[in-house]
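The following pair of complexes shares a single chain, chain A, combined with chain B in the former and chain C in the latter.
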Partner chain A sequence: MSVTPEILSLVDPTVAQLKRRQIEGTKDIALSISQLLMRVISTARWTNPYDLIKIIRKVGTILISAQPKEVVVGNVVRRVLALIRDEIETEATSSSTTASASKDTPMMSSMFSLLSTNNNDSNSEIHHQSKKQSSDLRSIIIQGIRDLIDEISNVNEGIESMSVDLIHDNEILLTPTPSSSTVLQFLIKARAKRKFTVLVTENYPNDIARARKFVKTLAENKIETVLIPDSATFAVMSRVGKVIIGSNSVFANGGCLTNSGVANVVECAKEHKTPVFAVAGLYKLSPLYPFNREDLIEVGNSGKVLNYDDHKLIDNVEVITNPLYDYVPPEHIDIYLTNVGGFAPSFIYRIVLDNYKTEDTNLE
Partner chain B sequence: MSAVAEKADTKDQPVKQVKKPEASSAEGTKKLSGKELKELKKLEKAAKRAASKEASGITPEEQKQIAEQKKQKAKEAAAAAAAAAQAHATNTNLKKQLNQTLIKDKAAQKKIPALFSHLETREQRNASSPSISHIVHPEILTLTLKYSTYKIVGSMPRLTAMMKAFKIVIRDYETPANTTLTRNLTGHLSHQIEYLKSARPLSISMGNAIRWLKQEISVISIDTSDEMAKEILCEKINDFIREKIELSDQLIIQYASKHITEGSTILTFGHSQVLEELFKYCAREQGKKFNLIIVDSRPLFEGKKLLHNLIDTTIGDDTYGQVPITKDHIRVQYTLVYSLSSTILEDVDCIFVGAAAMLSNGRLYSRVGTGLIAMMAHSRNIPVLTCCESIKFSDKVQLDSVTTNELADSDDLAQDQDLKKPPQKKSFALEQFLKAKKEAASDETNNNNSTNTNKNKQQQQKQKQQQQQKDEENKADEEPDVPLKDWRTTPNLNILNIMYDLTPPEYINKVVTELGALPPSSVPVILREYKNT
Partner chain C sequence: MPPKNKKNNGPVKGNKKQKEIVQDERFQAIVLTDSFETRFMPLTSVKPRCLLPLANVPLIEYTLEFLAKAGVNEVYLMCSSHADQIQEYIENSKWSSQESPFNISTILSLESRSVGDSMRDLDNRGLITGDFLLVSGDVVTNIDFNKAMAVHKHKKSLDKDHILTMVLTKASPLHRTRSPLDPATFLLDKKTNRCIYYQPIPPISNASKSSSASINIDPELLEDVEDEMSIRNDLIDCHVDICTPHVPQIFQDNFDYQYLRQDFVNGVLTSDLLKKTIYAYIIENDEYAARVESWATYGAISQDILARWSYPLVPDANLLDNQTYTYEFNNIYKEEKVILAQSCKIGTSTSIGSKSSVGEGSHISKSVIGRNCQIGKNVRITNSYIWNDVVIEDNSVIDHAIIAHNAKIGAGATINPGVVIGFNVELGKNKTIANNVRIVEKPIEKEDDEFDNASSFGSDEEEEEESDNEEDEVKKQSTNNKNIPLFEVKDIDLVGEDGTGFLYTSDREVDDSDSEYEVSSTSNAPYSGVLYQMQALNFSDDSIASLTNHKHKSKRRSNKNRRLSSASVVSTDFEGGYSEVDDDEEDFDKEGIATVERALENNHDIDTALLELNTLRMSYNVTYHEVRSATVQALLTRVVHFISTDTLEVKEATEKIFRTWGPLFRRQVFDEEEQVDLIQILQNKSVILDNTYNQKILFFAINILYDEEIIEEDAIYLWWDSATSNATKELATVKELTGKWVDWLREAEEESDED
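Let's turn to the complex of A and B:
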């Protein structure tokens, strides 16, 4: 089944925006994707809910190919797919009162069903739904997406509430991700109960402007703030109590993708046995595994590293790269703080299983 | 800088207090306002300046006269003050005001995070020096300026420049009557060193060299004539530069060049004199081709300096034309500290770092960022080598980078967001000079209206206001949009700009010195041997 022109016309503007990077920040991307999917579901015509799943998967692949390195796009699509699948399942169990209903939903993760045949596909053909049912389903799914949007936009609240338990008075914290609004809110919230000092790295050259804004905001909120150059992290690390990092996306193995320069800092923290907290909304958790790290990391304008005006230097330098992201391996992070609680990196795969269906890990 | 002005003010204080009653008696019962006080201060300064100029005999006669008038006035004032009760109400007020401003200024200056508040800031350094500036040799003045603007940076270039300057100082030195060179020269040099310290604290190597020089001065017999003694000292300094710096570097380069093999990938951080020579030597003399990754950091961007110097070094003969060594022999990759953890370290064979000092517990004291790089290399099993002349060895022990460090100007980090150039600092002396010029000009106009009526005063005030406005406008023009321009006045906001960090010995595989290559644990051995010779 192919995507109809109406749906394509809905998707195209967002694809263009993603390609042009007009939507900045993972949160905004997640919100716009979920809103787009809501519109797609309300316009799409389908009789069988599995057709809807196919449409969403198609739309998902289109969106992901628009900005392949932004994992959040795929996350949101998968969350919506899981939502639809959950609805179908509950519908199935409630409509069929026969004993076979329990057999219809086999425990995928259980060892008992390893040898049993999976008859999901036949399932879909059995359930011919009436028009009324499908419109009910539609409204339920849309309500589900509304809840998802709520969750994404209020992601900071859940994380903030943990701040007081993790910071003690007069502690020195270090954050290498001045672009993260979650970290900012986390610290501001903690300031209400605790007095502490925050060291902020400049993250030159990609984040320096944001770092300056970040330290200003922190200082305005009566938090003792110190801006340090990236090179000074090793020198001050022995005095730092905790490192707090924001993340762009968290992979199922517990590793995460964050601003470039963070991997240095967390490695340094590891060396000094300083605990590292990563804050991440649930929507950043991805069911993917970071198999090829070079593919994950996007590179930016190398003119920021060595100005193009310096033609003499440019002429004589073979390679200049400006990576925009860093991959942080799970062993360098102690705890992930999400809006549903704090988890060790080794447990992230479980949270991922709770929120996504394994069928959707690969959308193509 | 304002600290200097403060000092001057405090010096002026007693005289001013003396002046007050005279002024009030002249103007009747009317009490002095703040503005009038300021004017008085200015007059006082002008008087001082004129007096000093008079002493040096440069000034035109006009100014002399004015100065004399001022002196007379001051004398009169003193008399009047003696007559007036010492515990005059306004007197104490004035004191209070001065004290308050002092404290306020200090609060503004002390913008260092609590963690590093024990370190001396640039302002504090400046404040401690100027009282002796009149006996400082001009060569030392220029050197101080070059240090503070980072024109000369890196411990070896600094050491070489200092020794050369000392040679000139010694050559121009004349023993005052009733003393001997052996006794007095050390003191004279101490004053120069004091002043030199106002730019940046002495490096370990400079400290070692100064100790050596003082030792050499003290062993000169009293019977040698001044001329002879100076000759001997200059010769010794020449030998020192040759032996401890130039020849040492050559030896180190020979030892270290074994580690750069054809086709290998070398990573280096910032700029080090001996490493620069090493890379040039490998490319030019040995004809090796290798990859060089230069890691750079804010705010000094010393890696660019290394790159520039490498590009300026050419190879080839005149028939085929000279080609920079970066074209054929050294493939350069330039990065900043932040991108280290990505793929860069994957194919590095060896890391060379410079040194500011080698401490006796085996730790390496070097440009901030070295520790980070050494740590990352260590965890990836990449050997880390440091090239360090034995003059940089110190018997100090230190465990972390926080207790002893050097604070650089935080403004370097607050500005130049888009410019990737090293900070262009306005020189301290130049600013002082301009200020003095401006004040002198305004004082002259003041003096012209010495028979000032109230009207004149008002006009002056207007003029001043206009001038101030202009000044402010100029300032606004000079500094475009600096986001953290007002960081000093923002409460809770600090910027930390330290110069050095400490690399633990376990990250360092080899220390290459002119005495051979050794592990960091052998530093105290070298120190013992070195002291014995």
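Let's turn to the complex of A and C:
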């Protein structure tokens, strides 16, 4: 089953936008990808849900290659795939009462399935679905994606609700990710019941403008806020009660990818035994494992590090790099606050298993 | 001349009128794919500039990517040279697919020979409906265009005469990406960024010359400056302009405008009639904008892209659909299926295309390697740009060079800085290519006449040229009717017995002949990296005039060159193009003289005659020197006519003619240098006259012109003392009579000084 031109024509504008970095922020990317997949599913012609899965997998690889370092793209695609597979499963169990139960239930949770070959083709033959059924399935899946979109857009609400329990009165917090709207909402929500101080690092060079805006918003919400240079992190750490970081994506091992400069801060926090809380929406959790630095970290505009008009320096400097992300290993994070609750990093793999199917970890 | 008969060439839009109603919804962009320059010769004889690969992506992609990001709805590509290739490329690219963010159409404007022509053609077609973006097809930029657009709109709301916003980048004057070719000084109102004055300056290397170290500003221009102004020589002009629909109209009205900056911007700013304003938008520090306009900037921008200054336009953005670049630490980019030997070393800022292989012990740094390239063992490549399907055999050394598609470099070759190896050239074993040599597959046809002129002119430039003997020979041979077999015998020295390729000498274009001169004069100086090397590859037109002393020759030549460099170079056009140019000048002489004579006979008023002459000058594209020459010739003929028919005495005849018609020169002579030139012409022409009265004519003519304040004392002294006025015996005799008068002038001046 190949991707038809109609579907490609749906996908291409988003691919181009991703390549041009016209969609910014993980949340917006996640939303636009899920909306795109919704359109793909309603346009695609399929009689068999497994064909649909193949189409989505293809579309997924195209989207991922547009911006390979943006993990969220893959996450959303895999979430949708899991959704489809779940629907097929429930369909199968309800329609075929006797025969299929023994044959095709994917018992991924059981050890047996490790050795069994999971043959989709044999499955597909069993499901001779009528037109009516497939259109039912289509609407069910689309409803599922709508729920996913709701979940993504309301991600802050679930996380916010925990803030009052975690933040104490007169506590000093430090956040090194001024670009995260989740952290912002988290703090603002906590202010309703608690009175505390927030230290914000500048995060030179990529986040300075956003840091100022962040600080301003906090101050407008009557939170005592201090903007500190990155170099002062270690000095102030002894007074800090909690470090709160936002994240771009969370890997199955419990490590996460976040703004550059955060690795430094959590290292300091470790030294001072200060707890580190990472906030992350469920859609940021990825079934992937971080294997090497080069595949993960996007390198951005050198012009932010060094002014381009300084030609003497530029001509003589061998390499100027401006990595946009840092990888924070799981041992530096104490707890993940997600919209489905707080989890230890070591438990993340379990949440991942609940939300994704292992068949879809590798889309190619 | 604006082309008038081509409306059928381009895509005809039927629903044009209907669309005009909804102006604000569409945003148009005009891309000038042709630069009307020859700086990338010889490679541009095969491929248009905008399709040359920059970091393995055709240049035009960067521009289109920028337009896509800027939210443009309609893109028109103005194509002239190699239009077919551009059209084909666009048709097969993602931009003409349905999902493309804009409608793209190519406009064939084959007769255009300058930016001005393209703009006039654009106006004739009536495509422009609102404000539009004008870019050249070689811009690399990541600027946030919305900000520039907001500034443009804001300025426009404040100032209804606002017609153009130039987007400029801040850099230092010697910045590697700043064009060494046409740097310019901008005079800006500090508060509003209104551009008050624009002055192109000759290349930096000539800055020591007093002529180029200063700019002249007409005080009138500064009258309406409210507050402070800044004079800036630190801006990169990447030719991204937001224009109002007035811009093509102004080009239409002023059909002599050729260049967007030199002619248009300057013309608008200095014009008393137009009362239009131009603003500059200087982009922020972390944004990047540059234009690939010469090999120097080609090298610099390639490095910038590899070093991610232009992020997100970087190799791993994979602008072409089939690319698979990935980023590795230290700015190394590799596509799929790259084969690297275990012992080879890949240094910083390097990009390697798919299916290329690098052999044992090779070392590559700060370079771009295309696809399917085979690089042998122990090869060293630094700061070089190697395009697709190139074979480089063992033990070669390549430094600061450009090697085009399908070239083959034999084992043990040494390629020195500045070399350009053309398409399909094969280089034999153990060859050393000297600095700045360019090799092409086939000789590009040239006109004999052109060479005669060039070799006499170029004699001084060859003295220090490393391969001067070879070059001389090539020239001689080419004057002998381009004997191809001889060529081959000759070039074996260059490319080896098993090689194919010919030396490319570009004496027809000023850029290169000049650059050779420049290089030879600076070759002893230590160079530091791609910057100076690449820079050495060419220089601008301006410098040539100041470099040569033979006034007459250089004038003729620079004027010819100007025309050539503005002519788009299509290799097949050469023969026709050149002969036409030569004819033009002779034609102008004839026509000019005829015009003035007609005016004399029919007693036109001076303004009419001037208008006619000026029109003639523009249509033939000659300098004022030719105009003066023609005018003097006509006037003298008339004087001689009166004398020989005994109607009038020598004095009266000269008096009559020059008194009435001398004011013609008022609009042909503007500064001292030109005054000297005028006297010199007068002298030269008088020599040929009957020597019974030619001294008198010269004396009276100069006297009258001095009286009419067309020439000044200083100019007369300069002429009198100049070597050219005493060059031959005849010249010396003819000015004898004037001598007394000049002495008298000097004495009179001294006396008045004493007073």
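General remarks:
Just so we're on the same page, the second predicted complex is superposed on the first by the 349 of 364 C-alpha atoms of A that agree within 3 Å, B and C clash if a C-alpha of one lies under 4 Å from a C-alpha of the other, contacts with A are read in each partner's own complex, and residues count from 1 in each chain.
Here, a contact is a pair of C-beta atoms (placed from the backbone, for glycine too) under 8 Å apart; a residue touches a chain by one contact, two chains touch by 3 or more.
Keep in mind it's a predicted model, so treat the numbers as computed, not measured.
After alignment on the shared chain A, the placement of chain B and chain C results in a side-by-side fit free of clashes.
In the superposition on chain A, A:Glu294 makes contact with both chain B and chain C. After overlaying the two complexes on the shared chain, residue contacts for A:Gly281 are found with neither chain B nor chain C.
Contacts of A:Val319 after superposition on the shared chain: both chain B and chain C are touched. Of the two partner chains placed around the shared chain by superposition, neither chain B nor chain C is touched by A:Pro330. By the document's definition of touching, neither partner reaches A:Gly60: not chain B, not chain C.
By the touch criterion defined above, A:Gly254 lies against neither chain B nor chain C after alignment on the C-alpha atoms of chain A. Put simply, more of the residues of chain A are touched by B, taking chain B and chain C as the two choices. When both complexes are overlaid on chain A, the residue A:Gly144 reaches neither chain B nor chain C.
Once the two complexes are laid over each other on the shared chain, residue contacts for A:Asn307 go to chain B and to chain C alike. Residue contacts after overlaying the shared chain place A:Ala263 against chain B, while chain C stays out of touching range. This overlay, made by fitting chain A, leaves chain B and chain C with a least C-alpha separation of 6 Å. On chain A, the surface touched by chain B in one complex and the surface touched by chain C in the other have residues 294, 307, 310, 312, 318-322 in common.
Chain contact summary for the complex, chain A toward chain B: residues 172, 197, 199, 202-206, 208-209, 212-213, 215-216, 218-219, 222-236, 238-239, 260-261, 263-264, 267-268, 271, 294, 297, 305-307, 310, 312-313, 316-323, 326.
Across the interface of their complex, chain A is touched by residues 65, 68-69, 94, 97-99, 101, 142, 169-172, 174-176, 234, 285-288, 307-309, 311-312, 317-319, 326-331, 348-349, 528-529, 531 of chain C. Those residues of chain B lying in contact with chain A across their complex are 113-115, 291, 297-299, 304, 307-308, 310-311, 324, 326-327, 331-344, 367-369, 371-372, 375-376, 379, 400-402, 405, 413, 417, 419-420, 483-484, 490-498, 500-502. Looking at the complex, you find that chain A touches chain C at residues 8-9, 12-13, 16, 19-22, 65, 68, 293-294, 299-304, 307-312, 314-315, 318-322.
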